[in-house]
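What follows is a group of structures, each given as C-alpha cells.
The following pair of complexes shares a single chain, subunit A, combined with subunit B in the former and subunit C in the latter.
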Partner chain A sequence: MSATSTSGTPLLETRDLVIRFGGVTAADNVSMQIEAWRNLAIIGPNGAGKTTFLNICTGWLKPQQGKVFLEGEDISALPPRKIVRRGVARAFQIPQLFTEHTALENLLISAAAREGLRNPLQSLHRIRQRDEMMHLLDLVNCADVADRVVVELSEGQRKLIDIAVALALKPRLLLMDEPTSGVASSQKHEVMEILVGALAEAGVTSVFVEHDMGIVSRYADEVAVWNAGNVQLRGTPEEILEHPDVIRDVIGEEVA
Partner chain B sequence: MNLTIFLLALFDGISYAALVFIVALGLTLIFGVMRILNVAHGSLYAIGAYVTVSLSGYFLALGFAPVFAFPLMIVSAALVGVALGGPIEWLLLRRIYDKPEVLQLLVTFAVFMILEDVQRLVWGSQPYFEARVLQALGNVTVFGVTYTVYQLILLPLVATGLLLGLRFFLRRTVIGKLILATTEDREAAQSIGIDADRVFLFTFMVGAVLAGLGGALASPTTSILPGMGADMIVLSFAVVATAGLGQIGGAAVAALMIGLGRSFAVYVWPEVAVLVPYLIMVLVLLVRPEGLFGSPVARKI
Partner chain C sequence: MRDTTRHPTSDSAKPGAMPSIRAILTLLGILLLAAVPFIAPSMQLLINLALAKGLAVLGVTVLLRAGQVSFGHALFFGISAYVGAFLMASLPGADLILVLVAGVGGAVVSGLLVGLFVVRYRGIFFGMLNLAFSMIFWSILEKFYHVTGGADGIRLARPSVLGMAMERAGFEAVIFYLSIVLMVVLGWFTLRWFASPVGQIFQTIKTNETRLEYLGLSPRRVLLSGYVLSAALCGVGGSLMALTQGVVTPEYVWWVRSAEMVFIAVLGGAGSVRGAFIGALIYEVVRIYASAFAGDIWQLLLGSFLLVIILFAPGGIMGIADTLIGHRKKSGQRAATAEEAK
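So, the complex of A and B:
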C-alpha cells in the first residue's frame, strides 16, 4: 500500500496556497508538507484559516493560487469526490452522516461509493464489504449500535461513526475538523483514544484541528500552529510547549 | 345507481388511476430526489404515446401480432428516458439546481412548450388511434360487465409492480441507497465519493422512462393528439400534490381517489367530471397543505 511512501515525497504537500474571502486572507502562501505516519495537529485561533486549509486539501475550496500534491501528483484541479477516491478523506466538525439510515448502512453506503457500482441492484446489506464494515464499527466501539438509526445516537457516537465512515473509504490520509467538538469534555479523551487506535490499526495518517492542548500533546506527533492564514510554528508537541507566548497568543490561554 | 353502472365506474376509475399513477410516480420521484417540479414530464408522457403508436403502427402493418406492441411500449419508454430525459437533465436542469424555484419552473415549462411544438412538427395535429392492442389480451366479464383485460388487469398490475419495484429499488438496492443518501445530503454524498451529478442524471432518466411508459400504456386507450401532455401533467401534478410531494406510496392512494372520483362523477354528474380531480386536490390541501402523506419538514422520498 501507500504506507511505503517513498522517502522524500511527502504524503500531501501544498505549495504557495493563497485564498482570500473579500478582505480576509484565509490562506496566505501556505506551503505545508504532511508526512505519512506522522499525525499532525493543527491549532490556532478562530479565523486563522485552519478549516480553509482542510477544505483546500480535499478540493471543496479551490485556491486562487498554489497547488496541492498527493504523493507528488497534482490534485489541485480535481473535484472533492475524486480526491476522496485517491485517498484523502475528510471528517467534518459536525458529522455528515445520513441521519435517516442506520450506523451500519452509513458505512455500507460509504463502502458502496468506494467500490463503484459493479452490481447496482444488489441488496445493500449483502455487499461483500459487510463484515469489513462491521469490523470498522467494532474498531470505533460502535458495533452495538450498528442497527440503530443515526438520529437516535449520541454526539460522541456520531463522531466515531463519522470517522468509521471515512475509514470505510480506505483513505491514506484523514483530515478531521475538531474530532472532539460537541463531545462532553469528560468523554473527549475516551473518544480520542478510540479514534487514534482505529486510525493506527487502519494504517491511516491523520491531520486534525483541535483546541485542547491536552489532547494535542497526547495524540499528535507534530503540531502546526496556525495564525492569520499561515503556519506560524511547527514542531513536536514538546517543542511547541516551549513557546508559551505563542500558545497564549494563538489559543488565548495559559498552558500549565 | 345499479350494479352495472357502479362496476363500470369502478373499472374506469381503476384503470385510469393506474395510468395517472405511473406518470405521477415519475414526477414525484424526480421531485423527491432533485426538488424540481418537472412540467416537461407531460411532454415526455405524450411523446411516449406518439412513439409507441408510430412504432406499433409500423410493425402491425408488417403483419406482427398486436401483442408485439408490448415490447415496443418498453422500447418507446426507454427511448424517451434516454434520448429526451438524459439531455434535459444534462444540458439544462444541472445548471439550475441552486436557482430559485420560480426559475426552475419556468425552465421546465419552456421545455414543455418546445416539446409540444416538436410533437406537432413530427406527428402533425391529426389524432392517432391504435386500438388493436387494447383487444390483444381479450376481455373479461365481471357480473355481466365486460371490460378489456388490458385495462382492468394489466394496467393495475403494471402500476402495482412499479410501485413495489420502486420502493424495493430505493430502500434495498445499493444504487437506491446511494440515491437516497444523495437526496438527504448532497455534500455528504460527494464527500464520500458519490458522483451526485450521475445520481441525479440517472434518477431523472428513470422518472422520464416512467412518463414515457405512462404514455406508451395509455396509447391504446385514448386518441393521441396535441394537448394530451398538458392534460396529463396537470392531472398527475394534482395526484402528487394531493399525496404530498415526493410521497411514492401516497401517490398510489391519491391516484385512486382522483381516478375513482372522476369516473364516478362521469356517470353521476357528468358536468363536473373534469373538475373533480382538482376539487379533491383543493379539499385535501385546504385541510393538509403538505398533502395527505407529506410532512411539513421532512425531506425524503
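So, the complex of A and C:
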C-alpha cells in the first residue's frame, strides 16, 4: 500500500543524500520517499545515521550532495525555520523546551509563532488560541501540569510536551527522535498510545526513530532499517522484524 | 558572576494579594516622586537625573530578560542626547517634543544598525561588541571636536514647550513631570511587552534558541526586536538627561556609563522593570551623598553593596523587597509576566 499526498508526489523525498563527518559517512546516497498519512519508524544500530537523516530533512545539517524535496519543492538549502513554516515540525530526543516557562506557555508561544502574533499589548495568556492549546495539552495527557514550569516535570511529560509544542504548529509532517527514550519502560506504551492518538486526531504524518521493537511493531505502519548511513530494508513491521538481517544486526541475539 | 537573571523577579510573580500590595506601593512611590518639588525641592534635580538614568537602565533590563548583557548601551543614551543637542543648535527654539522624538529616533536607527551586527553573537561577545561600538562613537565625539565640541561637549539650549518659551524653573518642572510620566508609561508598556507573545518569545532567547528556530522563527530577528526597544529606552533616558543637564559630553557614551547601567540593573533586580527605577534612585542618592560624605570611597561602598547583592540576594533590591512583604515564588506556581500585566 502506498498513500501519497493529494498532488500525487511524496510528502517528503530525498535523492542521493551524502554527508560525511571526517572519515565517517553518516548519509551515503540516501534516497527515500515518505508518503503522507503514515507512521514511519526508522530503526538501526547506534551511529547508523538515523538522527543525521532527520537533521538533514529539517535543515539543521546541509547535505554535501543530494537534495530534499517537500511535496516537490527543493528545501535542501533552507534553514530549519523556513522548513518549519512549510509544515515540517520536529520533536527531539532531548526535549527542546523553554525551561523557564510553564507547559501551557510553551504551547502558547508555539501558537503565537504559528500565527505571527505581534501585538505588544496583548497578553500571551489571552491569545484566542489558548483553548486550542489546552485541548492539545489534554490530548497528550498533560492538562494537569499546564501551569507547572517545565523543569519540574518528568522526562515522560517533557517528551509529550515537546511533541505537543511541535503539533501546536499544525504541521503536515512530524519528525521525532526516539519519542520514548528516557521514559520509564512501564510508561512507554502509554506515551505512544497518547502520541499516536494525538497524531491521528491532528492528521499528521510522522517519522520516528525508535529502538524499542515492541513500540515499532505496534505503532508503525512502515519500518525503514538504517545501516551504515543508508536504508538497508523497508517494509511493514511484520516483514521487517522477522527479517534475519534485522534480527542479527538490529534486534540482536538476545531477542533472536 | 552568578547568573542573577535566571530567577523570575517580582515583575513575573503570581498575581494575588501580594501583587496588590506591590501595586499600592508602586502608586505611593509615584505620588511621592510627584511631590518631591514641594516637599524636597533640593532633591528635584537629583531625582530627575535618576529617572533619566532609570529609563536607560530599563533598556538594559530588556536585554537581561533575554540573558544578554550589553556593556555599551550608553551608545544609544549618548546618540539620543547628541541628536537633541545638534537639533537645538541648528533649530533654535525647537520644541521639546521634537527634541525627544528626534533623539529617540536617532537611538532607534542606530540601535537597528548596530543590532543587525551584534545579534549574531551571544554572551561575552555580545557584551564586548556593544562596548566596542560605544567606544568607537566616544572616540569620534572626542576627536572631531570642531563638530562635537570634543571633551567639552555641546550646550543644549532650552527648547520651547508646546511653542512656549519657558524660564528655567518652569522648564525644570516640565522635564521633571515629563520624566515621571515617561517612567510610568514606558514602564507599563515594557511590562505589557514582556507579557505579550512577542515579548515572551524574546525571553526564550535565554533558554532555547534551537526550539525557537524549530518554531519557524529567526533567533537573530527576535533578539533584534528587543535590542531596538532597548536602544529606544536608552534614547529616551539620554534625551531626558541632556534636557535636564543642558549640556552633552562624550562622558554620555563613556564605557563607565554603560557599566553603571548594568550595575544598576543588577542592583535593582535583574530583569525587573520596577527595579530599574528603584535601583537608579538608590544609586543616585547613594552616589551623591556618599561622594559628599565619604570622599573617594563611595565607589568602594557601592561595589561592596553590589557584591553582597550578587552573593546573597540575586533578585536585587526588588527580590529583597518581595521577601520583606512576604512574597516568595512558590514551586509550581510561577506565572508569566502576563498575569501581572492583566
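Heads up, the rule we're going with is that the second predicted complex is superposed on the first by the 240 of 256 C-alpha atoms of A that agree within 3 Å, B and C clash if a C-alpha of one lies under 4 Å from a C-alpha of the other, contacts with A are read in each partner's own complex, and residues count from 1 in each chain.
We take it that contacts are C-beta pairs under 8 Å (C-beta built on N, C-alpha and C of every residue); 3 or more make two chains touch, one makes a residue touch a chain.
As the structure is a computational prediction, the values presented were derived from the model and not from experiment.
After superposition on subunit A, the partners subunit B and subunit C collide with one another. Shared-chain residue A:Asn46: touches no atom of subunit B or subunit C. In the superposition on chain A, A:Thr102 makes contact with subunit C only, while subunit B stays out of contact range. Within the superposed three-chain model, A:Arg148 lies in touch with subunit C and out of touch with subunit B [touch as defined at top]. When both complexes are overlaid on chain A, the residue A:Ser186 reaches neither subunit B nor subunit C. Applying the stated contact rule after C-alpha superposition, one finds that A:Ser110 touches each of subunit B and subunit C.
Residues 58, 79-82, 84-85, 89-90, 92, 96-101, 105, 108-110, 112-114, 117, 119-125, 127, 165-166, 169 of subunit A touch subunit B in one complex and subunit C in the other.
Of all residues in subunit A, those touching subunit C in their complex are 58, 79-82, 84-85, 89-90, 92, 96-102, 105, 108-110, 112-114, 117-127, 147-149, 152, 165-166, 169. Residue ranges of subunit B in contact with subunit A, taken from their complex: 169, 172-178, 180-181, 184-185, 187-196, 300.
Residues of subunit A touching subunit B in their complex: 58, 60, 79-82, 84-85, 89-90, 92, 96-101, 105, 108-110, 112-114, 117, 119-125, 127, 165-166, 168-169. Considering their complex, residues 6, 8, 189, 192-193, 195-201, 203-204, 206-208, 210-211, 213-218, 331-336, 338-339, 341-342 of subunit C touch subunit A.
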